[in-house]
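Heads up: the structure comes next, in structure tokens.
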Amino acid sequence: MNKRQINGLFVLAALLAAGVIARLLIGRDPAIGSVNFSWPESNILVLRFGAVRSAIVGGACLGLSGLLLQALLRNPLASPFILGLSAGAGLAAMIAAWSASMVAAGAVGWIAFIAHGADGVIPGTVGSLAVLILVYALGRRGGRLDPLTLVLTGTVVATICGALTLLVQSLMPPSSRGDSWMWFMGQVPELPSSGAMWTAAVLLFCSFIASFRSGSALDAASIGDDEAESLGVSLRRLRILLFLCAGALASASVALCGPIAFVGFIAPHLSRLLLGSRHRALVPASVISGAAILIWADAVRQSIDVGAGRLPIGVLTALIGGPVFLMVMRSRQMRTGAWTC
Amino acid sequence: MLNIETLSFQYGRRRALTEITASSAAGNVVALVGRNGSGKSTLLRAIAGLTHPNAGNITWRGQRLERLAPLKRALEVAYVSQRPSLSIDLTVHELIALGRFASRSRLDSNLRIGQAIALMGLEALKDRSFHELSAGEQQRCVIARALAQHEENGLLALDEPFSNLDPGETMRVFDALKLCARAGALVVVAMHDLALVDRVAQTVWWLEQGRMVATGSPPDVLTPTKLQEIFHCEFDRGPQGLTLATRVSSITT
Amino acid sequence: STDSSTTSGSSTTVSAAIRVVSLSPGVTATIVALGASDRLVGRTPWCEVPNEVPVVGSLLDLNAEALVQTHPTLILVQPPAQGEVIGLRDLALQHAWRVERFRIDSLADVQSLLENLPTLICDHAIANDCASLKERSQLLQNNLSSALEPIPHANRAGRTVVLLVSSESADAMGFGKSTYIGDALERMGVTNALSRSGYPALGAEDLATLAPDTVVVISQRSAGAIDQVHQLLPKSAIYPIHAPELLQPGGGMITGLLTLRGVLIQACESSFQSPLEKDAH
Amino acid sequence: MNKRQINGLFVLAALLAAGVIARLLIGRDPAIGSVNFSWPESNILVLRFGAVRSAIVGGACLGLSGLLLQALLRNPLASPFILGLSAGAGLAAMIAAWSASMVAAGAVGWIAFIAHGADGVIPGTVGSLAVLILVYALGRRGGRLDPLTLVLTGTVVATICGALTLLVQSLMPPSSRGDSWMWFMGQVPELPSSGAMWTAAVLLFCSFIASFRSGSALDAASIGDDEAESLGVSLRRLRILLFLCAGALASASVALCGPIAFVGFIAPHLSRLLLGSRHRALVPASVISGAAILIWADAVRQSIDVGAGRLPIGVLTALIGGPVFLMVMRSRQMRTGAWTC
Amino acid sequence: MLNIETLSFQYGRRRALTEITASSAAGNVVALVGRNGSGKSTLLRAIAGLTHPNAGNITWRGQRLERLAPLKRALEVAYVSQRPSLSIDLTVHELIALGRFASRSRLDSNLRIGQAIALMGLEALKDRSFHELSAGEQQRCVIARALAQHEENGLLALDEPFSNLDPGETMRVFDALKLCARAGALVVVAMHDLALVDRVAQTVWWLEQGRMVATGSPPDVLTPTKLQEIFHCEFDRGPQGLTLATRVSSITT
């Protein structure tokens, strides 16, 4: 790695560390809404550590997933949810909630089984895996994953899942409709389900290794299909690997944090602006910047109260990540005059 | 030893190669010539093992390259396409380093990358962004990448590597290819400059409308009468070898 | 584990032992109606309470830290939703909080909520607390029953529909049979024009086809939307009411039911006064 | 135009006509939910005609806007709302609703003015125009609109607007928060505000003329910037024109129908699959197919009742447009083996 | 009449052209030669009015092309870039028809498109998709587009139009360019094949590292000694004109 890349990684890591410290120190008196900075008592510390873990793992999953998808789909607009995974997870969760209300009304059998998972990660995982398989089946052309076909298929499947979610939602009593919107804002749970946490951590670890090792394959894949193949890259295998990793990471992050796609869109772009476009460096950079963005967003939302309690995390990721990205993008343009994606 | 047997290939329903048969030993430079659209690029991609032929087969040292795993194939054959592209922002050095993708040894790789850069005279451009080079400089980079990748006794398949190169660079590339051939490689080059073919290639494969119409040494194959027939322009074979004659000069006057 | 520094500033010490966090707006409204909001120490952003009660997030985005800091003893939730907060169960076990779930969909649910809540939130250490809460609950139940008494000559209101209209362009939502409003209409003896169950979305054409005699529009502010209903249903009697409480089934909706009852009675009387108009229809 | 293009346009026009007839004939008994087909009474007919007009104008605006944006941004994922226009409109609508609640609480002055527009098209238009200007200002590089910068800026601005919408929402009194969600489902109003209708129709007409006349400029713009300029295309002017038309159309459609982006994503792709990629043919085709998709979605939702009355229009556009698109995409792949976007 | 006066251009901070001064009357074929990276493409883009020079100016018939509106400029100058690209799916005919973008008259346009197709021998490929052509066929299409666009007495700026063309097609294109020049156009062509330059161009502009080092007729400028100095390979000037000599053949033996 060259100097620019190492410096960039350092900056990002420092930001992440500062974010962790901030998140651990910032507290708020829920009764009067005032913010304080101090080392908390142990029972509170546990919760803050829980949130830190969720943010790091969730953000890292999102950042890496976004990077892999942008490379796979060759589209700068790709984000973890372009393939419809979060929409699928949302749909499954909604179906679970709906069946829970059916169970209460006397339904039995498998509906009850799904409903039972409602407070766990099962429906989300099942939903996003189902979508993953569907998109994989539909997104191929001539037996191979084709970027354009895949990206269009994913978008369409995502929209269809979203529509079905609305459909299921309109079957539920209106008083419980409002709540479910909250789910779509995403969370950084202070009490992460240990199942989701472990799954995500393991998937993150494996995907990180796989993508870091595929770093130069990813670079090579950018020189055109024929030449990449002739360099020794098995595009078929690379694409399937990327697809599976990106999909698994997106599913894991959905199970852990709900749908916060924006982190996954912006972390790779930010890393690219800071470190250039070699994937060996981008893989760790996206992981770190994803975690950093999410933890800073969570830290900041501890210290803001506009009168309705904590804001949804999605609001903060957008309000922090968005302007930072726009600023970096503009400043780098000024400096180099050239920016390739 | 490259062996092509009754190879046929079609794009959808359009036939591009029809029952090509040819072979060449290693240590040669084979020039692939023929009119535009005669199937040179298609044949070269088949030779590099990048497509699955519809009929017939190609073997290199007894192996069918298109059936090898890409990582193994990359050790046998290096390929340069007619239309190089790059969708991310790499420096020249980084691009050439991609040529060593399939190799295991780090040390050896750095050596080979350095050699390739030196051979193509790219030292001064090493750290510049590939996208900010002129077309000829880019062409040299992709050739350097193939040279870095290419193993001794391997196969080098180059699709019009001389396009966009100035005469000096053309010579440089030609020298490099000769060197590879001498060291035991088989170099297959699609090219149009018949004067160069005549001077440098040991073997010429001539394609017409997807068929192999002539194979042999340049003086045998590239006779002025045949060339006149195909390209409608006159060539002379003088002491300097093949040169373009009349018609053109007739207009100039 | 009592820490006086985190005690809500405005809450008096009626019941230091009972500290309730409600994660359901319907339950919160019921507690408020019971006059027990002083023992609420946590709520969702959707809950409306007279005194200052900190927000501890909602079922789907819980602020566990705030929840811990409120030192609750009892947590009230309303399934089904997207599923419960992951880990809430464990946290509750760990801190020995009691968690109670309430389903609130039909009128019967509301009644059982009113019956069961006092015993849950009353403080046995304080003399008479339970008794007085129960008393107030009984009062509310009586109010509820009387709000739902059959209206004399209810059939004069004709085919009636209760609508929620949020804006000019969005579809209205109707209250069909076996919803809490549908139940209420039935108890009052009014004919619900929507003979189906559930909460159907009704477009302009649906309203025009339905052509009910009486329309009660629950709308907070959209004047344009009400004009539009008038335009669509020139022959119907239209009663806009301001009763946001009606949208949240629970103990808080009794005032809303009274408002509804008021306009329905008005509808019956006005159509009684002009029978000619009705015959013409 | 060649035969394929003319045939394609015919097919689309026939679909549109059939959709209009279906929409006019399909009726439903709201009390019990049963469907009937018949020529309606005049008071109902007026409403159905209103819906037909809304669907045709709104769908056409969306289809054309999506096409122009896909060409401008050179990205197959572009849709009318990629530039953040609908998010801006949503934000403005939310601010209007919020100020209305402030008015109710006694506030005066400009807040009251905005609030007054809460039901109409004013805040939506203002919001989307403000975003249009912002994205234009930020989306340039070296003084020119640059596709990549523009698409990234638009996405980020859209997300920020979405976040601000949630922020404003949480400032509102709890009881009025739920309402505004209805707006985000999109509508095909049977009683379209005549202001929104006329604005949209006029903008559609002008944009259609402008883009139809720019048809070959759009083709030419696809051969690379230098060569396009040398052919006589003023890329600067073309991009500004496209940007303005696409933005105006998106705003108009938002004012008329709320946010239904999917039609604008899918109509151009469907047209491209049917007619090829020349813009002279794609401009009318996208207009017609946008209108056809929206009117069919609206017609079908008249005849479906899953127990919740009329479904939101967004559900139907996705459930009809999505599968149709996937089918056409797969069948054309089978046939030609090649599909460039 | 093309007039270039002390023209300088830089990419960011990198200087590409330094105080270029040259001029040529219409009716000529001007060959732009020089090593890779010497600034030919940059100069050609400036000549076609596609960039704003950092200093100096270029006028064509007294107008500064980069200041004209594109529609007007398109009637004066047709340009073919070194790297043609196309992001949508057009047929050959449709692509060539784009050359008439700036023209008003429909009838005239169809005529010109037909002529260009005939001149480049593309009748058989007319309805095929551009993306399914071989590189040489694509090259002919973009040249045909420029020919269709180009008005009599206009300026034709072509960046290495002969790359990827076979000898026959090279002749065809050259004939077409000569025809244009005879009809009153000024044709500026960047190219590397010095033998061709020698035979066909009336004027040679020689760029070295962004500077114009020599202008004049081919025999004056392209002397074997100078070529040897720059390209490090030997050329002979025989009765056939310029031909590549030695070094290459020395290796072949």
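Per-chain residue numbering starts at 1, and chain names A, B, C, D and E are given in the order in which the chains are listed.
We take it that contacts are C-beta pairs under 8 Å (C-beta built on N, C-alpha and C of every residue); 3 or more make two chains touch, one makes a residue touch a chain.
None of these values were measured; they are calculated from a predicted model.
Chemist: Where the contacts of chain A and chain E overlap, which chains show up?
Modeler: Both-contact set = B, D.
Chemist: By mean C-alpha position, what chain is farthest away from chain A?
Modeler: Most remote chain from chain A, centroid-wise, comes out as E.
Chemist: Between A-C and D-E, flag the pair that has more C-beta pairs in contact.
Modeler: Between D-E and A-C, contacts are more numerous in A-C.
Chemist: What whole-number Å value describes the gap between the mean CA coordinates of chain C and chain E?
Modeler: Computed from C-alpha means, the inter-chain centre distance equals 80 Å.
Chemist: Could you tell me the distance, in whole angstrom, between the mean C-alpha positions of chain A and chain D?
Modeler: Those two chain centres are 28 Å apart.
Chemist: Any idea how many Å lie between the Cα centroids of chain A and chain B?
Modeler: Once rounded, the distance between the two centres reads 45 Å.
Chemist: Let me have the rounded angstrom distance from the C-alpha centre of chain B over to the C-alpha centre of chain D, please.
Modeler: 51
Chemist: Where in chain B do residues touch two or more other chains at once?
Modeler: Chain B, residues with two or more chain partners: 83, 132.
Chemist: Out of chain A, which residues touch more than one other chain, so two or more?
Modeler: Expected reply: 170-171, 178, 185, 308, 312, 337-338, 341.
Chemist: Out of chain C, which residues touch more than one other chain, so two or more?
Modeler: Within chain C, residues 45-46, 173, 198-199, 201, 247-248 contact more than one other chain.
Chemist: Spell out the part of chain A that touches chain D in their complex, as residue ranges.
Modeler: By the definition above, chain A touches chain D via 75-78, 82, 138, 141-142, 148-149, 151-153, 155-157, 159-160, 162-164, 166-167, 170-171, 177-178, 181, 185, 262, 265-266, 269, 306-308, 311-312, 314-319, 322-323, 325-326, 329-330, 333, 337, 339, 341.
Chemist: Note which residues of chain E are touching chain D in the complex, please.
Modeler: Residue list for chain E touching chain D: 45, 48-50, 69-75, 77-81, 83-90, 94-95, 98-99, 101-102, 129, 131-132, 142, 149.
Chemist: Which chain D residues qualify as touching chain E in the complex?
Modeler: Residues in contact with chain E: 74, 216-217, 219-220, 222-224, 226-227, 229-234, 276-278, 338, 340-341.
Chemist: Once bound in the complex, which stretches of chain A touch chain C?
Modeler: 27-33, 43-44, 47-48, 50-51, 93-94, 96-98, 100-101, 104, 117-121, 123, 170-176, 178-180, 182-183, 185, 187, 189-193, 196, 308-310, 312-313
Chemist: Looking at the complex, which residues from chain B come into contact with chain E?
Modeler: 11, 14, 34-37, 41, 82-83, 132-137, 139-140, 160, 163-171, 174-175, 178, 192-196, 199-200, 227, 230-233, 236, 238, 240-241, 243-245, 247-249, 251-252
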